[in-house]
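Same chain, two partners: chain A is paired with chain B first, then with chain C.
On to the complex of A and B.
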């Protein structure tokens, strides 16, 4: 298979599946799931072929002209390079298993056709982002993932909260995307190109680049990856079905923002100021999200805060000038966070759509596979040594220390402690103790459609995805490196080993390992015992209602509500009443209305003021014809 | 028969006339609105035709902007119609006669 056919298949298969499902299989029970799964399988198979057959150095690139405007050419191009390879592997691998899981999870849903068609259009869009070779094309697919996210959040559109959440996600993303579009245009007018390869070869030094370009391009990341201050949409987006939360709102789409930042960072488009902004907003959000996850009893919302926190980690890594580590964390995060969401889906499915953790409990014996997957991916996200998450998360903390950013290091350490706290709490509330509701009491393990993805993603990959970093370099000519295709590991391993080397020189490796273990033991130990005391309720809510309320409270949503109600609405009212009602309607139209009869008498009023819109339109057309006759004849 | 500027312009004129007739004779505001949009589209078709005739891009570019603005305008127009329906309970133009006298 040539790279060109591979690229075409990667985009064509999901698009065809989506189109056929949407046109013919909307009501069918099995048509769309089978097609969608086949498309996801094709993507996985083709991308593995592509990655295993590629040496990992010379980028694969094909490009077509889309349309021409004068001298300006818009190109559609596909580029598989060192940054796209790990992303392609992660996305296609995680997505395939989430498709498998969805078949089990959505078995009792009446709108499976719509759901799977949505998943396929999402796959088309995300593969487009991964392989895009220029920013214009990225933007097109960027909007397409936004659309599919909107559509899938609103899957249960007859519930008001789901409809509102989808609208919120879409509108919040518009705010970020406006900045992103301006950034693309600015980059294009400044450098005359938006092609990633051309930008990278131009060897832009970050310090000579206008800060505004980086900051504006960052807006796209802030919207899509739900970064501060546009992070408000992600927790509401959990209104969608759980596989959607796992695939789109944890593993891939929100991480696409990080991927773009990595690509642009490799191109050197960020001025130091832009990197600093990214570092501090990322580290701040990491700490905030990690603590707020303790203030939610809904299992999915708690995990959503965890996603915010880890996206903050990735943003901070880019801000620290370590795009490789950011991409590494994105990849590891995709495995363990997808598993955590799939476990929550498995639990929710078993408890008949109960999402409140305080009403669960005691599921360890009833759902052993789910519990094992949750435990392993939980340890992975808490950075248990040699689990996948440890390689990346620990390295981000190390990077902050190596760079001498002690403030950011402190925030990230708080975030790491928060991770251990909320994972311990979740495990305690959901899997240990006794069942706190009838639903939890009658729960039983999910079927194989759901447990197989849990085993593959949770037990195998959340544990071992990072092992390719432990050995030295892969043997020359080897096609696999650990669990990854060797060509996909070049970029990640290079950045990791470089940082590891620097840290070893400064003697930071062992202290970091010790610190990580201390955080882990303290966090998990504290929550596992603390949350034992109040079965059926949240211990923090019982012991310290004020602190819990502060964590649960939606500070930023409230601030935006206040702004809209007290600023935006007031301005709109000013225009509505003063400009429209008073100036236009009162002083202008009413004056004419009163003036005409005074001049032309009551007859004019009777015949001209009919009140029927079509009459007025006819008068208007008649007037235009008269004017033309006048101007032609005279 | 080669398709030339004349064909494009006649097509644009016919579309415009159909739209105009719709605006004048239809009573349902949604239909009137669609007819209005048809008139707008006829005008943009004229722009494309002249752009092709002059072998220049500016007419085409203009059309891109018109399409963008028209999309925004449709959102506002439809919102107005919905608001009208909520307030008055009808979208038939002959029942909306508060401007009479």
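On to the complex of A and C.
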């Protein structure tokens, strides 16, 4: 298969699946799921073919002119390079197993056609983002993932909260896109190109890149990856079905923002100021999100805060000038966070759509596979040594220390402690103790559609996805490196080993390992015992209601709601009804118009505006005859 | 053959309309059949002509040129029909919206259907004529020819408050049209041209000084601007569309309104580049008025049909920005306007079809009374969301390319006037706010009382067909934008190479003489 055919198949298969499902399989029970799964399988297979057949050095690139208008030539180009390769593998691999899981999870849903068509549109869009070779094209697919996210959040559209959440997600993303598009236009006008390869070869870093370009492009990341201050939509987005939360709102789409930042960082488009902003907002959100996860009893919302926190980690890594580590964390995160969400989905499905963790409990024995997958991916997210998450998360903390950014290091350490706290709490509330409701009491393990993805993503990949970093290098010419295609590991391994080397020189490797273990033991130990005491309720809510309420409270959502109701809406109404309707139309225009008939209009009204249809028709015919006589005779 | 197709496309609806209006006793079935043919014929010919268009075939870029023996020879007025790269896609768009409006009209029960259909066909014929006319006087004539039936249709078949609204609109638009006619005559007189043919006018105007160009352009801007509902001359539009019967709103907001923009490009920007430069800042600021201020007005609408009408007015702002960008030499801007005109014509017509379909089921346009309609009418909901997404400029629909290329043509302002660009881009947020609010208010959430009482009927065949035609065209251009941009770009190239040629030529001869 030539790369060109591969690229076309990668985009064509999901688009065709979505279109066929939407047009013909709307009511069919199996049509859409099978097609959608086939499309995801095709994507995985083609991606593997592509990655295994590629040496990982010379980028694969094809480009067509989509259209041309004046000096704007719009290219449709596909680029598989060192950053796209790990992203493509992660996305296609995780997505395939989430598709498998969805078939089990959505078995009792009457709108499967719409759901699976939406998943396929999403796959089309995300593959487009991964392979885009220029920023305009990224923007096209960027908007499309926004749409698929909207469509899937609104899956249970007859619920008010789903309707509101879908709207909120789309509009908040559009706010970020305003800045993003402005940044793209600025870049285009300043450098005359938006092509990633051209920008990268121009070696812009250090040559006085305008800070505004980087900051504006960052807005896209802030919107899509739910970073402060546009983070408000992500927790609401949990209104969508759980596989959607796993795939889109945890593993891939929200991480696409990070991927873009990595790409732009490699292109050198960020001035130091922009990097600092990203570092501090990322580290701050990482710490805050980690703590807020303790103030939610809804299992999915708690995990959503965890996602916020980890996206903050990735942002901080880019800000520290370590895009490789950011991408590494993005990839590891995709495996263990997808698993955590799928576990929550498995639990929710077993408990008949109960999402409140305080009403669960004791599921360890009833759902052993789910519990095992949760435990392993939980340890992975807490950076248990040699688990996938450890390789990346530990390195982000190390990077902060190596760079001498102690403030950021402190924030990230708090975030790491937060992770251990909320994972310990979650495991305690859901899987240990006794069942706190009938639903939890009658729960049983999910079927194979759901447990197989849990085993693959949770037990295999959450554990071992990072192992390719432990060996020094894959054997020359090897096609696989650990669990990854070798070509997809070049960029990640290079950045990892470089940082590891620096840390070793400074003697930081062992102290960091020790610190990580301490955080892990303290965090997990504290929560496992703390949350044991109050079965059926949240221990923190019982012990310190004020602290819990402060964590639970949606400070920014409330502020935005206030702004929309009291500022935006009122300004709009004032303008619409007073300025436009009353002053402009009422006093000015109608007054002028009233004057015209007042002067000469009485005659007109008498003879022309008679109000009789026949008269108007007669005038019209008369005019036409007159005209034709005139033109033909002359 | 093809040069015959162009006049036929215009005259078939005219003749059919005359038969329907004259022959009251034509049996309904026969009348409907005739009307269906007359609605379909221009769409098919429009697409054939668009498909067969080849800008490189002629020096001036016009294809299918025919002159009919109609006009006033002494004044140099002749009915010359022809399509260039700009008008070919728009002519086809008029045909496509026409056939959708026709389907909508044919599937609606009205009083005196023969007259109703006849007048609509008259309107359609005028709309097609104005895009095909190479003669500025006939260009104006066709506008009036399309507007008269619009007025009568509103008066006779319109909704609540039709008399006041129709008269208000008629006065407003006649005034706008007269000012633009004055501009055209002014141009004709000042240049001493002997013909109203736009190519001849362009030749004659080449020597015109900047001051005269600017004063003529002023007439065109405010005259034609009124017809496009340029801020602050927009008051007539929203209520006008809201009151009119749906096929009329489709043709008026979708096609007739484009007359002003089309004129501003073909006569304004192409013939009077210096005039455009003088007025470009005005167009920029007034266009932003449409996007931001009228966007805010759209946001507070409570009536679905009014909301669609206002959104159509607000979206026109981007077109003025694109034309203004052309003053700084950015041909991308004009191209973007052409794409936007094409896309907006289809998408607003689509929204009107679907809004009417919602009304048929709920009996109301008040959004607060609706909610949860998607359960009963899932296909209608899907189409409405698609139409909303098209109108908020989602990639995959033609509108996205229009907006993006217009924004790209303004990119050079990013350092000198960044706030202009920021204000222009707020449009993408504002339109998302009102578009998604409307979709959610009508279709999502639990079923309201009104919706519970509504019959459980999804979208009917006629509505589905009308919406389908429009949606297919929007998606086709959304995926293959070169369908529109290729001829448009060719037209712009012709313009670019034609303009300096007049200046460069003498220099070359002088060099040879040495």
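To be clear about the criterion, the second predicted complex is superposed on the first by the 570 of 634 C-alpha atoms of A that agree within 3 Å, B and C clash if a C-alpha of one lies under 4 Å from a C-alpha of the other, contacts with A are read in each partner's own complex, and residues count from 1 in each chain.
One rule holds for everything that comes next: a contact is a pair of C-beta atoms (placed from the backbone, for glycine too) under 8 Å apart; a residue touches a chain by one contact, two chains touch by 3 or more.
Because the structure is predicted, anything quoted here is derived from the model rather than measured.
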Item to check | Touched partner set for A:157, first chain B, second chain C, both or neither | outcome: second
Next on the checklist: By the touch definition at the top of the document, which applies to A:182: first (chain B), second (chain C), both, or neither?
Outcome noted: second
Next on the checklist: Quick one: is A:420 in contact with chain B, with chain C, with both, or with neither? Answer first, second, both or neither.
Outcome noted: neither
Item to check | chain B versus chain C as contact partner of A:246, first or second or both or neither | outcome: neither
Next on the checklist: Contacts for A:80 in the overlay, against chain B (first) and chain C (second): which applies, first, second, both or neither?
Outcome noted: neither
Next on the checklist: Between chain B and chain C, which one contacts more residues of chain A in the superposed model?
Outcome noted: C
Next on the checklist: Just to be sure I read the superposition right, which of the two partners does A:618 touch: chain B = first, chain C = second, or both, or neither?
Outcome noted: first
Checklist entry - If you stack the two complexes on chain A, which partner ends up touching A:488: first (chain B), second (chain C), both, or neither? => result neither
Checklist entry - If you lay the two complexes on top of each other, which residues of chain A touch chain B in one and chain C in the other? => result 69-70, 609, 613, 617
Item to check | Contacting residues of chain A [partner chain C, same complex] | outcome: 22, 26, 66-72, 74, 136, 139-141, 143-144, 147, 150-151, 154, 157-160, 162-164, 166-167, 170-171, 174-175, 177-178, 181-182, 185-186, 188-190, 569, 571-573, 575-577, 580, 584-585, 589-590, 593, 596, 609, 613, 616-617, 620, 628, 630-632, 634
Next on the checklist: Touching residues of chain A toward chain B in the complex: what are they?
Outcome noted: 69-70, 605-606, 609-614, 617-618, 621
Next on the checklist: Per the contact definition, I'd like the list of chain B residues that touch chain A in the complex.
Outcome noted: 20, 23-27, 32, 57, 60-61, 93-94, 96-101
Checklist outcome for this item: In the complex, chain C touches chain A at residues 21, 69-74, 148, 152, 155-156, 167-168, 171-172, 232, 235, 293-294, 296-297, 299-300, 330-336, 339, 372, 374-375, 378, 382, 385, 389, 394-396, 400-401, 404-405, 407-412, 414-415, 418, 421-422, 425-426, 428-429, 432-433, 436-437, 440, 443-447, 481-482, 485-486, 488-489, 492
